[in-house]
Amino acid sequence: MTGAAALRGQFPLFGKVPRPFHYLDSGATAQIHASALEAMQAFDTTARANVQRGTYPLAEAATGAFEAARGRVRRFLGAGPAEEVVFTAGATAALNLVARAFGETLAAGDEVVISVAEHHSNFLPWLQLRDRAGIVLRVLPVGADGRLDLAALERVVTARCRLLAVTHCSNVTGAVTDVEAIVAAARAVGARVLLDGAQAVQHGPVDVAALGVDFYAFSGHKAFGPTGVGVLWGRGELLAGLPPFMTGGGMVGEASLEGAEWLAPPARFEAGTPPVAAAVGLGAVLEWMGGLPWGGIRAREAALARRLLDGLAGFPGLRLLGPMDLECRAPLVSFELAGLHPHDIAQVLGDRGVAVRGGHHCARPLLAALGCDGATRASLALYNDEADVDALLEGLAAAVRILS
Amino acid sequence: MSEALYQQALKALAEAAHGAGRLDDADARVRLDNPLCGDRITVHLRMAGGRVAAVAHETRGCLLCRAAASAIGRRAPGLTPAEIAAAAASAEAQMAAESPPAPAWPELEAFRPVRGHPSRRGCVSLPFQALRQALGDAGRRT
Amino acid sequence: MTGAAALRGQFPLFGKVPRPFHYLDSGATAQIHASALEAMQAFDTTARANVQRGTYPLAEAATGAFEAARGRVRRFLGAGPAEEVVFTAGATAALNLVARAFGETLAAGDEVVISVAEHHSNFLPWLQLRDRAGIVLRVLPVGADGRLDLAALERVVTARCRLLAVTHCSNVTGAVTDVEAIVAAARAVGARVLLDGAQAVQHGPVDVAALGVDFYAFSGHKAFGPTGVGVLWGRGELLAGLPPFMTGGGMVGEASLEGAEWLAPPARFEAGTPPVAAAVGLGAVLEWMGGLPWGGIRAREAALARRLLDGLAGFPGLRLLGPMDLECRAPLVSFELAGLHPHDIAQVLGDRGVAVRGGHHCARPLLAALGCDGATRASLALYNDEADVDALLEGLAAAVRILS
Amino acid sequence: MSEALYQQALKALAEAAHGAGRLDDADARVRLDNPLCGDRITVHLRMAGGRVAAVAHETRGCLLCRAAASAIGRRAPGLTPAEIAAAAASAEAQMAAESPPAPAWPELEAFRPVRGHPSRRGCVSLPFQALRQALGDAGRRT
């Protein structure tokens, strides 16, 4: 029972919102799976207590649920020890954590490489670091189809490079990064690799060991899980060498005016009471995802993306962003339509029950590089089907009529 | 629903693009962004005798934003700052009230259907905000 | 219907966990009220979408729910415009935000005053700032009863003081801060005041305007709301002058390698997708709290605290921490019992269904100042009653028997 | 339940505080904190011929922690690092397994009821961790 309809039935929202409803905005926030809702509800009503230090049975249950969630994230990521999994408030918080904590280990003149395709959440923290600490920020360009220009790696990655921080998958073009090439370039100069996985995780489990990266960041809400939780995974020996980012309760041993002894990871990076219920919800949904037949789901997602790309190509004046080869793109399609503003398009579609997003998608440098003022984006997930794609195409025809 | 929002009057107003362009001898120039969608307007303003002598705008935006800018381009010249403020308030009222009072400018009636779409109000407000900021800047200069 | 039993009935967990169950650890995490659970469930199943930029009806509903929650927080705090309310991941995140953002406006030699009674979450961020930026950290001492030594204000608050960051209520002694004296001392030298309200909010709505402070921080999970969300309130004109803390999507206008234009608050401080569902849940519960008869509830809480203090006083070798005057203490009682370790006490109590916490309570400087290695803490909330207090006292007698 | 955990044998072991104190001529000294509860132990170790010649400990902790330290004070002298490692593993097994193998040291049986209380395992482990770290340090020195 893993067709789109059966899967959709496991997402309570689809049974509750007025129809027609074609949700094509999972790249912004995916809908939440029942397993996450149930796990959070169960936690909050049978095991809720602070996870730090309690010895009574409820507190042991809470700590147990929280640490079990950590183990589930570990499995989803194909990571080593669960201690390498840090719960954060989201992908943005995870990326800021690396920029601050790893950033503190850099000296002026050290270099960080990002790509022009980064989401603002993996761009601005490095810009801040550049302006604060005097590191050099180098930017890998993209080709006309939005894919990272790997030929430029040689030029951009120098001996002073300490980190390559790039997206696993672009939220605008859907282009999937050739991680092997990135890792090879990094290893050649002894640099580390951070992948922003925010757009990758909703398309199946990840294998950080096989990818060979050093840090991996993502958000729960884009992986069919709760808002308010995210993950930073990092190699144990690397995390152990980083200073904390935020400080507070739960991440320190001795603490006095003379100084503080930071605890080992992951506690060192989880100051304050963590988003416990959301972490438990995320653990549940990742466990569910781990049991899905991803080969079939990915093939179905790709077929839908093909249908969408083909349908869009028929619109006069329409420009498709991103690579046309579905081998190297996630099922996410952004486009420009001459003379029509993305917000007006999204409005007309929204009024017809088709949820898409228009704008710059928090990726202004990329839009500038592609010479695009703003784009309309449809992002597909495992619960979408042909009817969703067709509704979008019909709605777009209507938008052309209504708006011109 | 979309048909109501994107009625002919609104589209015609946007297409007309009254006042589109620049003023080389402006007393004030204000650039405003709608950060949520990336829309951007630059309003150029010249005053004379406490009234708008000339207004122009460079607008990159959706139909709602362009229509509002166009309404301003058509109606603002000759008005006092108080009259502009009243028109801006009237535009807001068209978008907010169930049965709004008659609009200050006939064009503003085109914004009534925005009421069902709170996320779009900012598109209409942006040109008014830019104009009012320009009026303020020009006022401080004299 | 606002007796303890009726209120308890509105907290689903009490109907589900095995009895006997006496929850006396609300100072660590309060139980969650049905209104928060329902609001989150409703959001996640009928209004879930990203709150940034969407124009389709679901996205409008999501943004509407999120901003309505902001308005509810505003009302709970007696604050001005809703734009002064920043959603964070928790109190710790809110305090780190101030330490970093306000901290960036300070120069070496500028002074920040904290008290020795601070929770690590309002201590370590300032210690970090001191070590990073060369500010001077001055510490207000406490008297033997744990109350801030206001007589020392004159000495500690100098002309170089830029901020007093103190707790509204201690999580160890329950001592409630005389905010008026703090604000007066700050105003005299033109300094700002930050209150850590983490332990205050579960005892009723706050009035930041009447308090006269500049920043106020608290966590949802201690206010009968969800984990994973907190609030920083700040005066509008102050927030407007601060740089961002974290950066990423949703808090920037133009963004390129040349630089970035930060949005106005609150967006400037809410990088990335916020904890939307949790914020909505928090809004719901604060609205519910706003309708409760706090006069009566506070009197009941104080009477219970009195009963607890009196009962504990009868144990030989027991040392009570904190002020004995219930006018200036929250219903939260920590104690030491000669020869018995707090964790063993908490264990025996926990096994008997009485949930208390033992240890240093993330307040090592305070415990050191009070000459205390560790304490057992019972913290009361509106759902507690005499039976809870009596169970604690009986359990403590048993602990003495079992452990000696 | 608590009565089972805090049985007489455990309390007596903690009270006995075998090995409490310091060694002035230690080959290695290791201080470990249990950050979650603030418990702290300092283990002092002297080796001779690849075996523990003497061990002492300063312990601030709960009954479980003190009992574990006391067991070490009583049993560790004369043992090899491998035997200590086996005892540490045996202590963990007592706390983890439903029907654990016979303990390496008779005292370790007192830790069986910890099984129901995962949050307390660290209290028992702390002294063993400190001792093993001290063995490591002493080993590196020779």
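Each chain gets a letter, A, B, C and D, in the order it is written, and its residues are counted from 1.
Note that in this section a residue touches a chain if its C-beta (ideal position, glycine included) is under 8 Å from a C-beta of that chain, and two chains touch if they have at least 3 such contacts.
What you see is a predicted model; the values in this text were computed from it and never measured.
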How far is the middle of chain B from the middle of chain C, if each middle is the mean of its Cα atoms, in Å? 45
Calculate how many whole Å lie between the centre of chain C and the centre of chain D, each centre taken as the average of the chain's C-alpha atoms. 38
Multi-chain contact sites of chain B, meaning residues that touch two or more partners: 36-37, 117, 120
What are the residues of chain A that contact at least two other chains? 52-55, 59, 252, 254, 343, 347, 351, 358-359, 364
Pairwise touch network: line, ring, star, complete, or other: other
Every chain pair in contact, whichever chains are involved: A-B, A-C, A-D, B-C, C-D
Residues of chain A that touch chain B when the two form their complex: 341-344, 347-348, 351-352, 358-360, 364, 373-374, 398-399, 402-403
Chain C partner contacts - residues on chain A that touch it in the complex: 12-13, 16-17, 21, 23, 25, 28-29, 31-32, 37, 40-41, 44-46, 48-50, 52-59, 89-93, 95-96, 119-125, 127-128, 137, 139, 219, 221, 226-229, 246-250, 252, 254-257, 259-260, 271-278, 343, 346-347, 349-351, 354-359, 362, 364-365, 368
As the complex stands, chain B meets chain C at residues 33, 35-37, 117-120
Okay, in this complex, where on chain D does chain C touch? 1-3, 5-6, 11, 36-39, 60-64, 117, 120, 123
As the complex stands, chain C meets chain B at residues 52-55, 59-60, 63-64, 252-254, 261, 263, 267
